[in-house]
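If you scroll down you'll find the structure; I have some questions about it.
Letters A, B, C and D mark the chains in the order given here, with residues in each chain numbered from 1 onward.
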């Protein structure tokens, strides 16, 4: 059980840390403030400062590091990079390591045809376009995949898409050009061979973005989360990724490393919140004492430190299992971190908000936005409760329970 | 210990319930949807539907019921009315029972001069204008009143205000015409005789609303929470409410009943959330079962029911103590409900959001907005931690601790 | 919703309080110390001090107050008496108000034949004998009554008992002379008409106390909790209480008031623990401060106060519902207090233990024993989880769920 | 960050696992049952089965493995061994790896004179005698060492001990022959140079074991926890360990590895509890379902799995820090595991008890005893709250707080 990153990874870590410190940190706050100051309708655009930083990162070779084939980094190696990126709201994009593009790129790389790679993977890896993943549906409990209503029916040499998806992250971005759509192709096939993934050009007739969704009142411009309908969307069979009926297999493959990335970024976010809590608690005074010396505040800080450390180690262990035993050797852990990390981050951020008083609820500190990120991730990829069910099922298998 | 509302109160309760059902409920959702659909800048306005409903409520005699002198209702009597109003985001305003106007009206009624009553109290009670209460400051920990920096200095026959306030709720409302400002008048006086409350016309020179504050990303238009600076604001001495140095005494007097109102409204909100959770849990299906039959969902619903019931009883007990023994007989309880109720509501709403999946985070359900209300009230009127300190201090007094 | 005890009840409350203070408190600690100092085998006996106190209480008319027909007290009336008794480990017995005798006396009074009343109820009410209730079985999950394995078969003019029961509280008491046994009589009858209750003389052939059970290492001498086998125990049909097939109906009837008694006693116990915590926290010093001024201790004390107050109000409300609407009007609440109160008490006691350091774990303070009482009551009468299920079921009925 | 045990450690782990399985497990239950069946007074003795197992373990070279000089094992190496031993209530003694002897042996080895080593260390390492550590005092808050009242005064060529200690674990063991006593020698010296450790033969005049202490009603025979007075106990100066005034330095040195041992054993215990919960939950049925399929039970099992995994990783990380950076590099973590692990174990065991129904509270399962172990360790070595204070202090140092 060795969580030591490779020398190559350690070097990348130092370079990413330095890049964030010298290039991103100095402009991030102003960028976000500007974005929030704009009228909401005007936020859905590209921002030159982001594009410039992306160009610099790309030039520096700090680009697509999430992808093992590019960076030579395994999950244990990449984890500290993800944590560093998670401390910023924009760094992941700047290093071209942001969801959902990362997962989509992996899908295209492993399962895409040459044509799909040329058309979608190359510009994605170049950071020229963005993408969305359209799986969750508003009308059903999407954590139970058998309830999916959207269809990807094969008619002759075409695949025809119908259905409604939501929480399609990235859909609001003007650069979003491709949607990976998951739909039912063959209800008669065996349970996990019924669905297909189709790469849908954003501007295909029948694809209508109905609205962008607020998440706890925020729209996360400019990428956002969209509700989108597909009405008789016709594409050639060559738009299917990896072959008809492979939807689930591909969808599952996205999850392991993706969850490690998410969770490590959340740990970075929790660290930012704890730092803010400490700083505020030391600097601000009430009743003639620094806040940290009032009531249970020190105990809260200690509990946060302990919770963050435990969560990080659990993610690193999951990363190590993925590296050494593959997804099948990490099934329980991949669900465990889904349960443990967003909730931990939510709690640490909530504590930090409380220590900031009213200011903690405003956008003067990154806490309110951080809370929303953590809260949303208790539902994204399936609610925590479903993942607790997975962990329990795998545990109980050892005692003869069949399901 | 009798929590039975008077017959008069029971009659009001039925009439308020009916009014909400027949007049408010049918239009509320559309009104809120319209508000959210508008561009944020355009939300800070009056809404005809609201004004019409107010006129109807006033005509029906369901108006200013919070005020014992008007309605003849004590705290125990009023509590169920507040719970009913809390089930809606607009009802309190429609019955002219909304904070901070309620507290401000009480202050003006009990401590205001005839002139102040005529100028401010009458139009407030008529629902023609609105008001703000300016106490909290951005630069200090406002739960420790001795740190207050704003000043209300007496110079000759004028009082001169300087300082910066924030979280002045209601300040964004175009109808907001008067600000009750709390400032330091005499640093040499004894501790609780140093501050004064001044009634400040909204358009007085030197009063500058610097910005409206987002709370978890929401601005709560059209009333909102403002940050406002007072720069050499000069007013005649007659603008002081209740006499110089009476600021704290007056400020404290607002708190008891106000907290009962807040908490009962939150209980109404928690009931709404629990109802939503039950409805969703019964109607939506996953893994071939209604959601309530999955994992720990039933236990969560039970825990929510138990928590709400306990919280309501604690508030009713506090109301009864206020009615029978006055504020001094309810000091601990007034802090106890501050600690217990917003946190309970936050947790119940969080549970309900989780049961709704992604939808729970959107504005398609009232849960996300409800969560924000509850979260904010863990800080408003002083953070929970300060109130735990009050409860502990009063408890420990019995064991000889002096502070 | 009026929780005010009747004048009669208030008078009793004062007299019980005085009796505890002047008669019981002065000798309780020494009695318990003596009991613990004895060799365990020698603890299963009668204690003169207890019998003398019982005689005094009986003489004073503070006797069998739990029984409405005797005392004229309803549940709301009796609740404060139960809380007072719960502050002591022996008071309930001294006032002849201790479980399981209370429930057994109620059963015999309401359902017993004249013969049963003469033989068992009279000496029980006189405090001359004690009793046990034999329902729970070691081999099955007894919260699901349909799994019960013990039988009470009718053969001619005899009822024949077979089976094994455990957690039969009171079985170790040398004065225990009658066992109320619940067994399956007619598996073909409808679900809740299959079982019978039989009054079994303790020394009937075939009744074998296999062992006394430790609960968290304690045997609760001299009453204790027994495991007892019934092997071909033959009794005349007249030993059946209330008629064959009435077992469930009778068993259920014991529960409502009994649960109010248990819970109010636990609230008394929680108050004792909080008092101990406050006293220790004020008197003992570390790092040059009283313990209450270290870390989060004051917040813990506040949270305990709030939790106790909420729990008490919930029990009082349940008592009031029982008084005004009967068991059917309090079904959910009777389960709610089962969930809320023992857990609350366990947590308050745990907090108090922690504040006492190592001493809190010893028998120098009543905390360790109190913890065990609370912990056991999270399982007695069915595990909390089952009662959460009941609360949820009743809640969801309103939304159309059938079970 | 490499938590991989050395090949040598892995081999030991397999051998210890096999020894427990083939030698200890088959007899442990019967041994414990016999112990509990005996009259309490007769439990304070040696047990042939234990001595025989010790002889076998010694012969097999599975002996004193906790001691790096003997086994060549670092903390990371030893951790899995401690976890295995923690699954049994007797294994640690059988491998001569049980507290407090382990810590005492380390003290004597590193700081003892040749004479002390010959007289005490050798028979301890041979498993022929046992020892106690006398630090905690009944009259003061011992987590604040400056309050210690016991004295170890130097008078000429003698050291004279006075004072009262309690929670001296091991003191009840008939084989206990030496007490390491911590007392105040020089109140004028600097803060951490005032105390001395003295090796006191058990039978020295003036040493009186006043009583053995119950912990949650249990005495943990035959080792137990004693209260012991020292009255004018005179010993030659050569009885001082490591020199006068070195008491604190030595006491601190015991803590790091000792805490890793304790915590890993607790993790073993938590695993035993989770296994019991799973087994019971799968095998026992209620309402026609296995218990694990009722209510929130699966979620509880998942949460337990996640909590155990996180706790283990935190301890392994602490072990690794101790191995690579020494005690000073692991100060925060050594306190972090003190806070996290006993509480986690307590909670997991409580969950398992609840799933067992009444049986979980008896001694038919190891859960009740396991709970007591975990609960006691939330106080042993200082209450959790003190350690939260340490973690917070170290965290806040980075933000300029001095204490």
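Following the convention adopted for this analysis, a contact is a pair of C-beta atoms (placed from the backbone, for glycine too) under 8 Å apart; a residue touches a chain by one contact, two chains touch by 3 or more.
Being a predicted model, the structure only gives us computed values, none of them experimental.
A.B. asks: What is the minimum number of touch steps required to go from chain A to chain C?
C.D. replies: Graph distance in the chain contact network comes out at 1.
A.B. asks: Using mean Cα positions as chain centres, tell me which chain lies farthest from chain D.
C.D. replies: B
A.B. asks: Taking A-C as the reference interface, identify its repeat among B-D, A-D or C-D, namely the pair sharing over half of the contact pairs by residue number.
C.D. replies: Match found for A-C within B-D, A-D or C-D: B-D.
A.B. asks: What whole-number Å value describes the gap between the mean CA coordinates of chain B and chain D?
C.D. replies: About 53 Å separates the centre of chain B from that of chain D.
A.B. asks: How many Å are there between the centre of chain A and the centre of chain B, using C-alpha atoms for each centre?
C.D. replies: Distance between chain centres: 37 Å.
A.B. asks: Where the centres are mean C-alpha positions, what is the separation of chain B from chain C, in Å?
C.D. replies: Centres of chain B and chain C (C-alpha means) sit 43 Å apart.
A.B. asks: Where in chain C do residues touch at least two different other chains?
C.D. replies: Each of 295-296, 298-299, 385, 388-389 in chain C touches at least two other chains.
A.B. asks: Where on chain D does chain C make contact in their complex?
C.D. replies: Interface residues on the chain D side: 36, 39-41, 136, 138, 140-144, 147, 166-167, 213-218, 284-287, 291, 294-297, 353-354, 357-363, 368-369, 371-372, 375-376, 378-380, 383-385, 388-389.
A.B. asks: What residues of chain A sit close enough to touch chain C in their complex?
C.D. replies: Going through chain A, the ones touching chain C are 295-296, 298-300.
A.B. asks: Show me the residue ranges of chain B that touch chain C in the complex, using the header's touch definition.
C.D. replies: Residues in contact with chain C: 1-4, 274, 278-279, 281-282, 290, 292, 298-299, 301-303, 305-306, 309-311, 313-314, 316-317, 332-333, 336, 339-340, 385, 387-393, 395-396, 398-401.
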